[in-house]
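We just call them A, B, C and D in the order they show up, numbering each chain from 1.
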Amino acid sequence: MIHEECGVFGIYDIGGGDVAHTVYYGLLSLQHRGQESCGIAVSDTSEPKGRVKSYKDMGLVNEVFTGEEIDKLPGNMGIGHVRYSTAGSSTRENAQPLVLEYVKGTLALAHNGNLTNSLELRDELAYTGAIFQTTIDSELIAYLVARERLESGSVEEAVRLAMKKLHGAYSLVIMSPRKLIGARDPFGFRPLVLGKRDKAWIFASETCALDTIGAEYVRDVEPGEIVTVTSEGEIISDRSNCLPKECHGHCIFEYIYFARPDSAIDGISVYESRIRAGKFLYEDDPIEADVVAGVPESGNVAALGYSMASGIPFGQVFVKNSYIGRTFIKPGQKRREDSVMVKLNAMKSAVAGKRVVIVDDSIVRGTTSDRIISMLREAGAKEVHMRISSPPFLWPCFFGTDVPAREQLIAYNRTIDQIREKIGADTLGYLREERLDDLVSNKICVCKGCFTGNYPEQPPEEDIRGDFEK
Amino acid sequence: MIHEECGVFGIYDIGGGDVAHTVYYGLLSLQHRGQESCGIAVSDTSEPKGRVKSYKDMGLVNEVFTGEEIDKLPGNMGIGHVRYSTAGSSTRENAQPLVLEYVKGTLALAHNGNLTNSLELRDELAYTGAIFQTTIDSELIAYLVARERLESGSVEEAVRLAMKKLHGAYSLVIMSPRKLIGARDPFGFRPLVLGKRDKAWIFASETCALDTIGAEYVRDVEPGEIVTVTSEGEIISDRSNCLPKECHGHCIFEYIYFARPDSAIDGISVYESRIRAGKFLYEDDPIEADVVAGVPESGNVAALGYSMASGIPFGQVFVKNSYIGRTFIKPGQKRREDSVMVKLNAMKSAVAGKRVVIVDDSIVRGTTSDRIISMLREAGAKEVHMRISSPPFLWPCFFGTDVPAREQLIAYNRTIDQIREKIGADTLGYLREERLDDLVSNKICVCKGCFTGNYPEQPPEEDIRGDFEK
Amino acid sequence: MIHEECGVFGIYDIGGGDVAHTVYYGLLSLQHRGQESCGIAVSDTSEPKGRVKSYKDMGLVNEVFTGEEIDKLPGNMGIGHVRYSTAGSSTRENAQPLVLEYVKGTLALAHNGNLTNSLELRDELAYTGAIFQTTIDSELIAYLVARERLESGSVEEAVRLAMKKLHGAYSLVIMSPRKLIGARDPFGFRPLVLGKRDKAWIFASETCALDTIGAEYVRDVEPGEIVTVTSEGEIISDRSNCLPKECHGHCIFEYIYFARPDSAIDGISVYESRIRAGKFLYEDDPIEADVVAGVPESGNVAALGYSMASGIPFGQVFVKNSYIGRTFIKPGQKRREDSVMVKLNAMKSAVAGKRVVIVDDSIVRGTTSDRIISMLREAGAKEVHMRISSPPFLWPCFFGTDVPAREQLIAYNRTIDQIREKIGADTLGYLREERLDDLVSNKICVCKGCFTGNYPEQPPEEDIRGDFEK
Amino acid sequence: MIHEECGVFGIYDIGGGDVAHTVYYGLLSLQHRGQESCGIAVSDTSEPKGRVKSYKDMGLVNEVFTGEEIDKLPGNMGIGHVRYSTAGSSTRENAQPLVLEYVKGTLALAHNGNLTNSLELRDELAYTGAIFQTTIDSELIAYLVARERLESGSVEEAVRLAMKKLHGAYSLVIMSPRKLIGARDPFGFRPLVLGKRDKAWIFASETCALDTIGAEYVRDVEPGEIVTVTSEGEIISDRSNCLPKECHGHCIFEYIYFARPDSAIDGISVYESRIRAGKFLYEDDPIEADVVAGVPESGNVAALGYSMASGIPFGQVFVKNSYIGRTFIKPGQKRREDSVMVKLNAMKSAVAGKRVVIVDDSIVRGTTSDRIISMLREAGAKEVHMRISSPPFLWPCFFGTDVPAREQLIAYNRTIDQIREKIGADTLGYLREERLDDLVSNKICVCKGCFTGNYPEQPPEEDIRGDFEK
């Protein structure tokens, strides 16, 4: 499975109501973007310098926040964060939001994305006496903001200047004593939207968080834009770091897999882009079959698109055990049980004697696909045709997605037919690379780096994330 | 939501391997039958008198068993239990399996169902000096077995005699030092199947548990039958308590809602019975619409059947947040957020401007249906047609299902049109009562008591469960 | 270390106030009698049949009860228990009080002591159909009371009849819907006192619990006596099971070690009996020395007595680390650190160049004494003279104390001089057996079984506790 | 109660063995110096740049470290910290050691004491772009070291330069990738000793930690000295920040109360200084009495000194409940129970009819003394004479001790006779201020600021700690 690295949320209730519960519900609806750690920081803006309280820990939102923690977070401005990370830096210290004191009071930051020049920035800061208590980019960003603030007239100005030194992907939510700021890198790798509910302004990684809290979608924060919510409830937009639209590099995998299908990102419905993916899969690799189904949950919408285009009936083929938490004990090598079978089962009644088309969002190492295809054959499927709603992964992502090393990718050094053989499918079709722009109706410019090796922004010479963990 | 009260699992590996992990995976796959408490008891049959170790607690299977607990449960025979119960008796003491010493050594029991004469049995036992440490039926059953064992030649004979005193619903798995026993009440209210994996015999509430552990389905334990697995691996069947098939009363709600759709119960595929329900719903209440969808997860298969019968395309209309655990903090009255919205969202792209048919398994109080219909209208649905894959609930269940008091049931004292109005649907259709036998192809005799008030076995004069909790 | 097996507490507030907090403080002050598990059961006697709530778990009183558990225990009658046990039966199921339903309602029991005929009782009960969910004596006692109650006119009458079948040691506190009962075996092995605070009557293992809750000591429950507190606040005493005083066998080790020195047991001050022990030690084994000190905590009072008799100044020689909880990680074999040194340190300033007399309550295996003497020598002591305020342990206890097997006792098959040599002391003196009656001023008859092998009541032929655990 | 704020420990095993367990035992023996949070950081010096792992949390050492945490801390160099703090900053973020990356790799710090210029330092650092993630002095010290390191040839040189900017009290243990450093402020407010065990060098707040781990005391780190342990096992001493001995200001309260009596600080035995205090108390305020006793635990040694000087027999008068953890539920206003009675009880046998002298280390608010004296009178004491082994508290401490605000101090605006009356004693005697130097035999210069208002180093104009928390 490919992992997103984070989700962010921010709210400023000019009306003065407590917001911690709302941040909690917002994070619950962004939980799919990161399940490792989470946190909430709130500020009471009626205090002269703000008063920030925060709580964060390893675990899911509803494991970390069980009731009384939220009651101890009073305040009418708040930000929150959910995080996924690779094992090495998966520590409590690295949980976000990052809360800190600087020359002008308290600052809290939540960051989604990945800087590509963090090593250089760390070195540069260290050589002027900085100390680092975490290994997250937010700390670097905080330092840059703090330093720029010494000369700047406002925190948003400091953010603007700090952004000039940041390379890579970042969607930021920043809380200063009296302002809430949302900012996005000039390429727009990661999403960030602006919403409103009564007198409260909201930033969130996805629109589904706005729906959950009953807020209305206002617009996306633009790539490169800094949006500042003031204590009077005004919205100040600074677009001086923006790039022309054709330079943008919105992550296409947000549409294919990361985002919830009920979200719209940069004006494009995720649901519709997946429906289109399914249609393209049929058009480019048509097949005759009796039933088409998605691998739950992420393959379902594309499978529906495939069904619409092909006329092959959509079916419920799998049952997913929704009680398998992250902490479930995986069967060891010696055990007869099988991790995939514990999570999924195929319904014999739905597939026995049938030609089945299965749609998944991607194949990474191929082990799960292999097991799923066997499971279908054991359930009596006559033929199994696999369709993947993205092109093969071949390149690393430097902008906030956790792709395994090339050697572990099934598509590395294999033809599609070799992959098909390895996973045991009768036929195998991938979404064609040239279809990627069509997924988003050619309305925005997307990053296809993980499929093509061409990135909107120059990546670092070595994969800095890999080194950093060592 | 209507709640099942339990799931049971048992395994005896004649080959001598440890079984605790297998019980764990079996329980994981039966978790939908009870999420309140769970437990595992294992026995090492190589010890002369067996040696039973057990562990149980409140919580989900993967919360209670996190690793080391299972390692402390060595043994080649084991039983397990998942439990739901109403609040009053939801205590650690009442978790199952019940483990006890009796005249012949150690006995462990796991019970799914509900006795209708438990008050009488408790009185009778108390008046001969019994003491009760729990409020569960298993303790009564254990007493009866222990007393019959004084005069009987074997534990299975004692079970046979004890069953003569039990009224109501019970699917039992019983572990004695050298035998594993599965038994089912003569009406067959609750399911119980027999499976096999190499030298191990398995009992489970549903066939999905057999699939999960890689075992093969052998057959259902018959209503009234006692199946004993001996230490030589022989299967002894005692059918002397069986009743003619026409007396049976298999719970129809297992097919409609409780069981996993990949299970087959008494030879009938749950998936197929739900497909049939969807078809009947269309045939009996046809409508023109643009899309048909199920309320996740339980309405999906019936919605597919509706789609098949009607030709109206099946759609993905809802996104369910799969990270909302039982412990999530429900929004209070004052909060702007809404419990249903936190769990579910409607995809605007899928419903805007469309006529939508929504299929759910049942309506209990009507509050969730109300919210879902509003959500669809807010997402732009032009019409919302609700179809329910069961008849209206009107009567209590005495046989192991937790139905609220009549006054709380939306169907009580309301016409279907009044219900429709209350939940705000354009049209509303229920499965007709006369269709219930067709759901199971008229092959088995089902209990429809909760819809009709007519029960296969005489219920007690008062609802004993209600009294007991007080 | 020799372990006591339990402490009990009971209170009935006729005035109707909640008692759970008071039980909690009572148990805190009895914690020295058992640190493995604990529990509280309360009853609201304003309910017609009483309403019992209970909570128990493994752990210390202030670990198990952290606040909200007590708030969930409303009621004006309550009993509590602290427990120590050998490893085998150290399970949550065996925690007390035992709460059960029987023919007349709810009964709760807490037991301190050890029955010597429990195997026979279990067999007898099993052969009439009893089932056992624990391995504790309380369950046997409960069965006997429940059976006698069928023919008896009252619960206290049932207790009286049940006592006739019990052999061994028991101090019981029993809560029925409207009565609180305290009872003690006819030999009086274990203590039990009666106290009063306003309209509340209290039973407790020791008077220190009365002090802690601000209650006044009324009298000891007599050996064999049954004291019943009625709902009118009357005290009914039944002495029909009592034996003549010369048959009594009060455990002498309660005075020497188990009880808190601020308690009085059967009218004898524990503090004073220890002072006497110290004096006898000097009189029988006088020595010239510079300082006398106790091994903390239990040796301190006897050391003071030794100082008084000898004129040798009492000194503070050891510092005990009071933050070492039960869960501290013991140094393994390979580690340089030493478990005794982590807990205790000798003060060089207090012992360097001095002749030191050290008083301890007992030597069991001798390993701790060995370490303590080395520690004193390393701190510069010129001579180390060990005095033990009890005779050598040589025999098992069948009446509620956990003495290791004979082979592990240092005194087994060794002369005093051989023991002295093994632990490295310059001289070693034990309390002489003939002094034991003097400890309690010859006012009560004590059990000296563990020193002499002669017991007030015939012990079972084999040590039933040992077998039971296997 | 007056609270110490911290204890520190460090070890570097040149021989290469793992040290985390040893740090654990060291911290256990320093637990009396801080019970709020604790932590351990270790480094594997065989890695080129070191590899630091750490774990810290709120709670006692044996609550935070329960086994597996320590196994995950491999490495042959380690530091540890125990902390007490006032409520406001009692957060997980503020637990120590502080671990951070700086220009030369990883640094870990543990600090005991209190800077008096932290506000100025924070401002100064903030105005050059620093960000602060904690509110502890260690972070300021780390910044200074990191900045000085840019220009310095070594970490110890950077520490030396950083110390020039620090005012107030600090005993530091610092771990760099290949060096372990111990340093102490030029006044020597807080203790720090150097020890050795085989090839391992150890720093610890007190010598009792050396005893616990079986290490030998080498010497005290001198006020102002920086001691560096190199990877070759050499000890480098830098005394360039040292002041003449007559400027020193060793905290006298370490001797009176904070330190364990088996420790020696700056060459003076804590035990002996307390014995002297007791003697002075008798000489300056002689009284006739029958027994003298200490308020456990801290009054015991001084009581012994009083007994030696007066010839009045030392007695065991109190029993302290050693099972009352920090989490015990304090009796509320309405409850009949009393917090002091739950923790302490007086032995009637030891005091009834007697004239009692009670020695305590200090009186802060007077409420506990009041309760203790009542308790003695209720136990039958004829007279109660209170002796305090320190002068009255009248002034704040700026150097690492938590003294309440003046208005809460019983001695503020009261004569000794008024205090005596308020606590209900027959006579009351404090240690005279002129005796303080005698406590340490006039061998070292001590800080008596909390008694006299005169401090060795100029305190800040306002109590910065107070402001900071607000």
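Rule of thumb we're sticking to: a contact is a pair of C-beta atoms (placed from the backbone, for glycine too) under 8 Å apart; a residue touches a chain by one contact, two chains touch by 3 or more.
For clarity, every value in this text was computed on a predicted model and none was experimentally measured.
Listed by label, the chains touching chain A and chain B alike form an empty list. Each chain's centre was taken as the mean of its CA atoms, and the one lying most distant from chain D is B.
Inter-chain centre distance (chain B to chain C, centres taken as mean C-alpha positions): 48 Å.
Put simply, the C-alpha centre of chain B and that of chain D have 61 angstrom between them. If you average the Cα atoms of chain C and of chain D, the two centres end up 37 Å apart. Under the contact rule stated at the top, the pairs of chains that touch are A-B, A-D, B-C, C-D.
Those residues of chain A that touch chain B in the complex are listed here as 21-22, 24-25, 28-29, 31-32, 35, 60-63, 65-67, 70, 197, 208, 211-214, 260-262, 269, 271-272, 275, 297, 300-301, 304, 307-308, 313-316, 319, 321-325, 327-329, 331, 335-338, 341-342, 345-350.
Listed in rising order, the residues of chain A touching chain D in the complex are 92, 98-103, 107, 122, 126-133, 135, 139, 142-143, 146-147, 150.
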